[in-house]
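Down below are the structures I want you to see.
Next come two complexes built around subunit A: one with subunit B, the other with subunit C.
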Partner chain A sequence: MANTFELIASSTVGAGGASSIDFTSIPSTYTDLAIYLSARQSRSEVVSNTRIEFNGSSANLSCRYLQGTGSAAVSSSSASYLFAASPANTATANTFGNSYIYIPNYAGSTNKSVSWDAVTETNATGAEAYLVAGLWSNTAAITSIKLSSLSSDNFMQYSTAYLYGVKNA
Partner chain B sequence: MPNPTRIEINCETGVESIIELTDAEVAELAYQAELAAEKKAEEDAKAEADAAAKAALLDRLGITADEAKLLLA
Partner chain C sequence: MAAGSTYEPIATTTLGSTAASYTFSSIPSTYTDLILVVRAALNAAGDIYVQFNGDTATNYSITTLYGTGSAAGSTRFSSQTQALIAYYGNLTSTLGNTNQIVQIQNYANTTTNKTFISRGNNAGSGLDANVGLWRSTAAINSIKLNNSSTTFSVGSTFTLYGIAAA
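Take a look at the complex of A and B:
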């Protein structure tokens, strides 16, 4: 059981929006990483997808996910991306979705597993929940993380990302 | 109109930079969006086709998904 969370870095998106939030030069001194993301995307939809990439590489990412849409439950997978849902710009104004991303053994020399749970927010139909099991098939230590929109839209103002290091997990 | 920006936070120094994307990076973003939409559509279509094939097979066998699970347990 984890017993120490230390905030490594955080960011809040400013007025112009941001196409990505990139954490670089992540120290290797923790056992695990955890990210709390509160996000809303500029896409003209109720829901959009947020993707994660490591060390500047978009290759060898995959995931399997359970998706609840409010009217259906779906189990699916991606052989190309590691992602989960965020609300987008036709969701109820000023609402943001939450994500919790956990990356154990991020500095080790094995492939990197990722768990990610996410909910979107809107006071109408179309809100979604995701539970994601992800994999980056790469044995390099993770030194940078990029969060961005799968559809290349922007994170909107007041979206926030907090990166924590976990010790003695 | 200026290009979109990205936020980069150096975790060693704590310095946050807001960096305007180059034209090449903007073009790459547009390409990645198209690629992602195509791949996602392909994967969703495959998942739907797999689910339909599974349902058709169960129908042909005359058993439910739960009964199929029992057989495989």
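Take a look at the complex of A and C:
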């Protein structure tokens, strides 16, 4: 059987932080993409949001999400952004949030739907769980991915992101 | 996860013509878990279901946690003849606008009933996380995908992966 889950690229944020994590020149030779993100942002809050953009475009992104806050479950949507939560700088020290982002048929000629699960558990109030249904209404093949702070803050040192390609044959 | 050989494609299909259903058959028992990735459309928006081993009896149940974009909730469907894999995160008539991902744990054992977790994603109507149960101790050797509409659209893609523990 084929080896179907292959690392394409990875990124680790160094000292001083980074305003974005970028994957470029993504080959079209896979079927789906998977991203594992471990992140913390510099914003002076407990939680911040990480957004994703494709091919250098911030247009035609939308999402609906289910958010668990530790005390309630709520759902909302965005007609402009595709995002999920990450811990920020006043969260429990040394705590990073996890995200799993799956993008089927990223190189195809239809719109691109996205599945995104994220958690920011910190053993404190303000921690959140996010389930996100996202859409990039664009038929272009995805060749680059940008992860950044929705509030224009930085990813903090030791944040990591791994991009995998998934082959169906 | 480092690159390895434990995540393997078992079968995939892209429909060249419309189809009322699609079945993965002769699923080998050599893996530990299964992952099903659906990227499909229907002739009209609707639901998508799974049936295992051709069982059409009322042996399926599902509990869903969902978000619509304005409300969050949970509900259960008991004693069903097939199992929803998405509730608000269901299919549309536009290919590429939704996805559904199903993880079926310990599918080949012959001792316990079979459970699965699924995620349905539809940015236009909502999303869900679901846990499903098939009350059968048989090893799963086929998976049939049904829908509540008439047909899956041309270009719909269904892919089944196996995860081997060792």
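Criterion: the second predicted complex is superposed on the first by the 165 of 169 C-alpha atoms of A that agree within 3 Å, B and C clash if a C-alpha of one lies under 4 Å from a C-alpha of the other, contacts with A are read in each partner's own complex, and residues count from 1 in each chain.
Convention: a residue touches a chain if its C-beta (ideal position, glycine included) is under 8 Å from a C-beta of that chain, and two chains touch if they have at least 3 such contacts.
Keep in mind the model is a prediction, meaning the values are calculated, not measured.
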Legend entry - Contacts of A:76 with subunit B and subunit C, given as first, second, both or neither: both
Inset, instruction - Give one of first, second, both or neither to describe whether A:7 is in contact with subunit B, with subunit C, with both, or with none. - result: second
Inset, instruction - Considering only the touch criterion stated at the top, classify A:163 as touching first (subunit B), second (subunit C), both, or neither. - result: first
Legend entry - subunit B versus subunit C as contact partner of A:154, first or second or both or neither: first
Inset, instruction - Return first, second, both or neither, reflecting whether A:22 touches subunit B, subunit C, both chains, or no partner chain. - result: first
Inset, instruction - Could you say whether A:113 touches subunit B, subunit C, both of them, or neither, answering first, second, both or neither? - result: second
Legend entry - Footprint overlap on subunit A, comparing subunit B with subunit C: 74, 76-77
Legend entry - Residues on subunit C engaged by subunit A in the complex (per definition of touch): 1-5, 7-9, 12, 37, 39, 65-73, 89, 94-99, 101, 119-129, 155, 157, 159, 161
Inset, instruction - Using the touch definition up top, name the residues of subunit A that touch subunit B in the complex. - result: 8-11, 13-14, 16-27, 49, 51, 58, 74, 76-81, 148, 150-154, 163
Inset, instruction - Report the residues of subunit B in contact with subunit A in the complex, numbered from low to high. - result: 4-14, 16, 18, 21, 29-30, 32-33, 36-37, 39-40, 43-44, 47
Legend entry - subunit A residues within the subunit C interface of the complex: 1-7, 31-32, 36, 62-67, 73-77, 102, 104-105, 108, 110-115, 117, 131-135, 139, 164, 166-169
